[in-house]
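Each chain gets a letter, A, B, C and D, in the order it is written, and its residues are counted from 1.
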Amino acid sequence: MDFQLNEDQEALRAGVRVWCEDRFRFEKLAEVVQQPLAREWWRELAELGVFALRAPESAGGVGLGMAEAAVAFVELGRRLVPGPLLWNLLAAELIPGAASGEVIVGGLDQPQPADRRRPSATPAQPTDAGAALIEYGDAIDVLLVLRDDGVQRIEAAGQLPGTLVAEPLDPLTPMLRVSELPEGTIIGDAALAARLRLEGTALTSALLLGIAESTLEYAVAYAKQREQFGRAIASFQAIKHFAADMYVRQELARAATLAAAVTIDDPAVGDVSRAVASARVVAGAAARENARKCIQIYGGMGFTWEMPPHYYLKRCMVLENTLGQSPSHCTTVAAHLAAPAS
Amino acid sequence: MDLRYSDADEQFRSEFRRWLEAAVPAHGAPPARDDWDGRRAWDTGWQRKLFDAGYAGVNWPREYGGRGATLTEELVYYEEYARAKAPYVGMNFVGIRHGGPTLIAEGSEAQKQTHLPRILRGEEVWCQGFSEPVAGSDLAALSTRAVRDGDHYRVSGHKIWTSFAQQADFCELLVRTDPDAPKHRGISWLIMPMNLPGISVRPIDTLRGESDFAEMFCEDVRVPCENLVGPENDGWRITNVTLRFERGSAWAQDIFELQEYLVDLSALVAQRAPQDASLQSVLGQLAAEADALWALVKWQLGETAKTGVPGLGGSALKLAFTELTQRVYEFGARLLGRAALSRDATDDPSGWRSSDTFLNTLSFTIAAGSSQVQRNLIAERILGMPREPR
Amino acid sequence: MDFQLNEDQEALRAGVRVWCEDRFRFEKLAEVVQQPLAREWWRELAELGVFALRAPESAGGVGLGMAEAAVAFVELGRRLVPGPLLWNLLAAELIPGAASGEVIVGGLDQPQPADRRRPSATPAQPTDAGAALIEYGDAIDVLLVLRDDGVQRIEAAGQLPGTLVAEPLDPLTPMLRVSELPEGTIIGDAALAARLRLEGTALTSALLLGIAESTLEYAVAYAKQREQFGRAIASFQAIKHFAADMYVRQELARAATLAAAVTIDDPAVGDVSRAVASARVVAGAAARENARKCIQIYGGMGFTWEMPPHYYLKRCMVLENTLGQSPSHCTTVAAHLAAPAS
Amino acid sequence: MDLRYSDADEQFRSEFRRWLEAAVPAHGAPPARDDWDGRRAWDTGWQRKLFDAGYAGVNWPREYGGRGATLTEELVYYEEYARAKAPYVGMNFVGIRHGGPTLIAEGSEAQKQTHLPRILRGEEVWCQGFSEPVAGSDLAALSTRAVRDGDHYRVSGHKIWTSFAQQADFCELLVRTDPDAPKHRGISWLIMPMNLPGISVRPIDTLRGESDFAEMFCEDVRVPCENLVGPENDGWRITNVTLRFERGSAWAQDIFELQEYLVDLSALVAQRAPQDASLQSVLGQLAAEADALWALVKWQLGETAKTGVPGLGGSALKLAFTELTQRVYEFGARLLGRAALSRDATDDPSGWRSSDTFLNTLSFTIAAGSSQVQRNLIAERILGMPREPR
C-alpha cells in the first residue's frame, strides 16, 4: 500500500496543469465563453493523452489506469476546462477517433425510473424536459447514450434536431434541447452501460474535486488581500472557520475520489460500486459547499460575473446532475451497508 | 395574543384582492431583461396604477400620497400582493423601500413634499450610493468626500453596487463631510440628482448576466446644500434608522412568496416522485421554517406596535429568511434535475425559473449586511457579547 | 391582531417563573434528582392553576386557553420541572383529580404503524422496547393511552407491572419498562385521541422552547465570564456566531409555538394541524441545537454532571420522543402543502 | 497510488484475527462502571494478554517490547481490532496512546527502559496532567509551578480532566518552570509518580454519571529531576509532537468501528422501516463520509511514510471524525425512538447502547483541542491565514 501519487502520476498532473494554466487561465475565460468547444484545443487535450490514458497501448492508447485519468481530470476541473470531457474518455475504446480527439463524443444518461425498469426497454426518447438537454449538443460528432439495457451510438455530426437553450446555467456548457433523438445503433450491452456509468461517475468526482480545490484557493487568496474594519478578512474567525471546513471537505473528497479510482483499477482492494458512490457524495458536497462559501467570502464581488466563483458553482451544478444526483448515490452506499460485499 | 385580522383588515383584503385579480394580468408580461427603457416604463407604470387605485405607499402618510395603513393592513397587503404574483417592485426598489422611508423619518418638509408623491406615482426612480470598493461590510469606512462650497457640496468619490444607476433620477448618497471626525461621526446623507455634471456610471454584470448593478464615479459634482437630509455629520444614525426599517417588515412579502413557491414545489414532487419519503421530509422541514418565519413577522409587528419602532430582531429575521431562501431554491433546483441546467423559463415546469432564482438568492446573504455582519449585530447588540479586539 | 403577550399572560408567566425559580433553581436540582416526582409540589403546581388552566370555570378550571397553557409550559421547560406535566394538563377535563393535582396522570402514545392501521384495533400492548418505556411509570396514579381508535384509561396506582430502568437517559425522567399493560377502560373516541395528540404536541413545543431559551441564556452568561487567550470567549467570533444562531432558532421557535397555541384557541386564524406540526419541528430543532451548542461553549465543563447543559440536552431528547419525532411532523407539514386547507 | 496490502500484511491479519477470535470472548464481560479495582484489573489484564501474544505496542520499537510494525500492519491491526470488538484501551489510554509515544520520541534511554515495557505489560497506568481550570483551549496558559530544589522539582498547582487519576501510577505532567519567559517557552514535561505526598484527587462526574475524570491538586510535591523529559522549558514543543501523533492514526480504529456501527444501524433500519427512503438516504450520506475518512487515514499514512512525520492534516481528520461521530450516534439514537430514553444495554437492539454512546461523543469535539481550536489550526498553519488581533 502506498496511497500517494507516484512520480509518473506527479508528472502527468504537472503536464496537464501547465497546459490548463496556459489555455484556460481565468483571464482568458471571457474568450472561451464565446466558443466553449473548439476542435483545436480538443486535439491538444488528446495529444496530452487525456482521452487515451486508459486505452491499451495496442490500440494506440497510453495503457494507464483510472487513477491516472482521475489525476488528470482533477486538473481539468480546477481550470473549468469545458467540453464533454468524460464522454470522450469513456468512448476512447468504443468509438474510433475519440482517443485522438478527432471525433468529439457527447453523452446522455437515460436510466429508467425504478417503477419502469421491469417492462421491456422503453424507447430511447427524452421523457421530461431535463432529460432532453444535451451538453454541447450542437457541436458533438457522436452521441453516446447509456441505457439500463445497453449502450447506443447516435450520429450527431453537429446536427442533432433541437433548439439551443438561450440561457444555459453554466455559460461554458451550452445545452441543446432535443425533442426527438435520431435512430442509433447498439454498441454495447447492459454490463458495459453499468461499467461506463461507474467510470463516468468516478471522473465526475474528479472534476468536482478540482472545483473544491480551486474555490478554496481563490477564497483564501481573496480573504488574505481583502481588508475590512482595518484588517484582512482572513483574520476574522468566521472566515477562517469557513475556510477550515472547506479544507476538510477538500481533503475528504480527494482521498475518497482517488481511492475510488484506484479501486476501479484494482477491485481486490474494495467494493467498486460503493467506493465510487461514496466518492461522488463527498466530492459533490465539497464542490458545492466550497463554491457557495467562496461566493460568500468574496462578498459583493462574489455576485459579479467578472469574478471566478460563480463559474465554479454553475459547473458544479452541471456535474452534480451528471450520471445521478448525490441522493441517489447515497442510496447506493446504503444498499451496500445492508448487503456488504464480504 | 391574538392572530385574527379585524373586519376592516378583511374588508381591505377583499378589495385589494379583487383589484389585483384584474390589474395584474392587464399589466402584461415584463419586457426583456436588457430592455432598460422598457423595464423602467413597465415598473413605473405599475407603480402608477397602484397609486391611482390608492394602493401605493401602503404604510406612508396620507398627506404625501400614501395609504397610511395600519400595521396589520400592511401585512394583508403583502400577503395579497404575493398571492397575486403582482410585479416585483423592480426599479422602484430604492425609492419605495429605502429612500422614501428615510425622508418620511428624517427629511425636511420640503424634501418630503418634493419627492414622496413623485416616488409613489412612479415619476422618480432612485438608486443607492452607499457601498464603496473598500467600504462594504465596513460601510462606515466610506471615503467619498463632500466639501462645502457656498450653497453647494462638491462631491467626489467612487460608489459600487449602485443598482439601476443608469435609470435613476436621484441617488441616496452617503458622503464624508468631516474627514477628521471618528469614522461614524463624519458622514452625511444627501439626495443627489443623477443628471448633474461629473457623474459617470459603469454597469457591473451580476452572476446572472444582468447589469442591474453599477459603479458610479463622482468628480466634483455640485449638490445643493438643501439636499442634505438631517443634520450634517449625522448620516450614520439616519442610515441605521433606515436599515432597521429595511430589515423589518420588508421581508413579509418575500416570506409569503416563499411559501407559495413551496406549494408549487410540492405539486412537482407529487407529480414526479410521490413515493419518495425523503423529499416529503425535506419539503416539510423547509415549509415549517417558512411558517415560523411568517409567525415571527407577526410577532415582531406586535413588538413594533407596542414600542413604535422596529426592534433589533430584524437582524434575526433577515438572517433566517435569507439563509432559508437559499436552501429552498437550491432544493427546487435539485428537484428539477437536469432541467435546472437551463435558465430558460420553458424548462422549469414549476413556473419559477428555479435555478436562475437560486442564483439570485446568493446575493441575499451578502447584501444589506452579510449573514456574518448580522450574526455580529445579534451577538453584540441583542445578547450583549463583547466586540472583538481590533 | 396583537401577537404579543397581554397583561394577564405576562402576569401568569411571572407567577410561574417565580415558583420555578424558588422550587427548581439549578442549585436544588441534585435534590430533585433523588425524587423527581413529589406530590407536594405537584399540588403546588396545580394551585398555580397550571393543570386547570384550560378547564372551564364550571368544572373548577380557570377557563383560559392553550395560549396561556403554552406560556406557562415555556417556564416549566426553562427550569426543567419534571413530571408528566402535559398528561396531567390534558387529563384535566377527563380524569377527576387531575386538575387539582391530587391524581398524577402519566401517558403513553400508541400510534399504529401506517401499514397496520387498516386492520381492526391492535391490542394495546407495547410493540417494541421503546414503546414499553413509561415516564414516571412507578409514581403515577392513572395512565392515559392514546390510540388511533380512542383514548384508554388504565389504573396504575404506582403499581404498573414492570421494572425500573437502571440508567434512564434523563436523570429527572425515570422510566418504567412495562412488559404487559393491564386492562383499561375506553374513555374517548378517535377524535378525542387526535385532539389530545395535537394539544400535547403544542405543549411539548412549549417545553422545548423553554429549553432553547434557557440554554441560550446559560451559554451567553458562561461565555461572558469564561476567559481564554486573555479575553472572554464571548468575544470570539466563532462563539458569537454560535450564540447568534441560537438566538435566531429561539425566536423562530417562540413565534411558531405561540402561534400554534393561538391557532388551537382560534382555528379561524389558520390550519391547526399544520401550525402545531411546524411549531414542533422548529422548537425541536431550537432545543436540540441550542443544548448541543451550550455544551460545546461550556467546553470541558459542559461535559460534567455538575453543570446545567447536559440536563437540558437529555430532557430535550425525552421531549423529542414524545408524541412523534420531528421527521414525522415534517411529513405532516408536507402533506398540508400538497393539500392546503383553504 | 496503490491500496493493496502486501502478502505479509495479510499474513499478519489472519494471524491476529485468529488470535482475537479466541482471546476476546475468553476475556469475558467488563466489570461494573464503578468497580474501579475491577476495571483496572480487566483493562490491564487484557493489555497483558496482548503483550504475551506479541500484539502490544503495535508501532512501538521492538527493543522496548513493542511489535515494531510497519504503517500498513498498524492499519491492519486497527481494522481487525475494531472488527473483533476487542476491549477498549480503557485505563491504559494515556500510557499507550500518549505518554509512551512521547517517551519513545523524546525520553532518555533510562526513561524508556523503565516505563515502556511496563506500560505494554499493563503494569503501569498513566494519567494526564495537562489542562487546568483556567488553561483549557489555551493550554499554554497553564500555571502549575515547578521550582527546582536540589535534585527535585517542587510542584504546586491545580490540574483538571485528569482521567483515571485515582487509579494511575504515573502522571504526564506539564508544569511551568520559567514564569518569566513568554508563555510557550517556560513549560516542562515531567513524569510524576502518583504515590508522592502532596497529591490529592477529587473525582469529577461526567454527564454520563461516571467519574472517569478528576481534578488533581499538587501541594509541594517533590518530583525527582531525572523525571524531566527532554530539556527544561522545552515542554511545549514536546507536547506538540505528541499531540500531533495523537491526532493522527489513533483515529483509525475509531473510524473502522464507526463503519461497523453503521452496518448494524442499517440492519435495524431494514427491520423497522425498510420502506423509508429518507432513512436510507441519511444512512448512505453518513456512510459515505465514514468511507472518505477511512480513505483519508490511508492517504495521510502515505504522507507520513513519505516524510517520516505525521502532517498537519491530523487536525482535519480529528475535526471531521469527531463531528461525524456525533451525527452518526445522534442518528442512531433517533432511530431507536423512545428506547433511546434508557441507557440500559437491554433497551438497545443494535447492541451499541446508542444514546449513552452519543452522550460520550459530545466530549470528542471538546477534548484534545476543540473543533474551534482545530479550525483555527487548519486556517493558520495549513492555509496560512493571519492570527486574530489580541
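Methods note: a residue touches a chain if its C-beta (ideal position, glycine included) is under 8 Å from a C-beta of that chain, and two chains touch if they have at least 3 such contacts.
All of these numbers come straight from a predicted model, not from anything done at the bench.
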{"item": "Identity of the chain that, by mean CA position, is farthest from chain C", "value": "A"}
{"item": "Option in A-D, A-B or B-C whose residue-number contact pairs overlap C-D by over half", "value": "A-B"}
{"item": "Intercentroid distance (Cα basis), chain D paired with chain A, Å", "value": "39"}
{"item": "Chain A and chain B: spacing of chain centres that average the CA atoms, whole Å", "value": "38"}
{"item": "Chain centre separation (chain A, chain C; CA means) in Å", "value": "49"}
{"item": "Two or more partner chains touched - positions in chain A", "value": "231, 236-239, 241, 327"}
{"item": "Junction residues of chain D - those touching two or more other chains", "value": "277-278, 280-281, 372, 375, 388-390"}
{"item": "Of all residues in chain C, those that touch chain B in their complex", "value": "1-6, 9, 67, 216, 220, 223-224, 231-232, 234-237, 239-241, 243-245, 247-248, 251-256, 258-259, 261-263, 266, 268-270, 274-275, 277-279, 281-282, 327, 329-338, 340"}
{"item": "Sites on chain B touched by chain D in the complex", "value": "275-278, 280-281, 388-390"}
{"item": "Of all residues in chain B, those that touch chain A in their complex", "value": "131, 134, 136-138, 141, 160-161, 204-207, 209, 213, 278, 333-334, 336-344, 346-349, 355-356, 359, 362-363, 365-367, 370-372, 375, 390"}
{"item": "Contacting residues of chain A [partner chain C, same complex]", "value": "236-238, 241"}
{"item": "Touching residues (chain side chain D, partner chain A) in the complex", "value": "1-6, 9, 72, 75, 262-263, 265-267, 269-270, 277, 280-285, 287-289, 291-293, 295-296, 298-299, 301-303, 305-306, 313, 316, 319-320, 372, 374-376, 378-380, 382-389"}
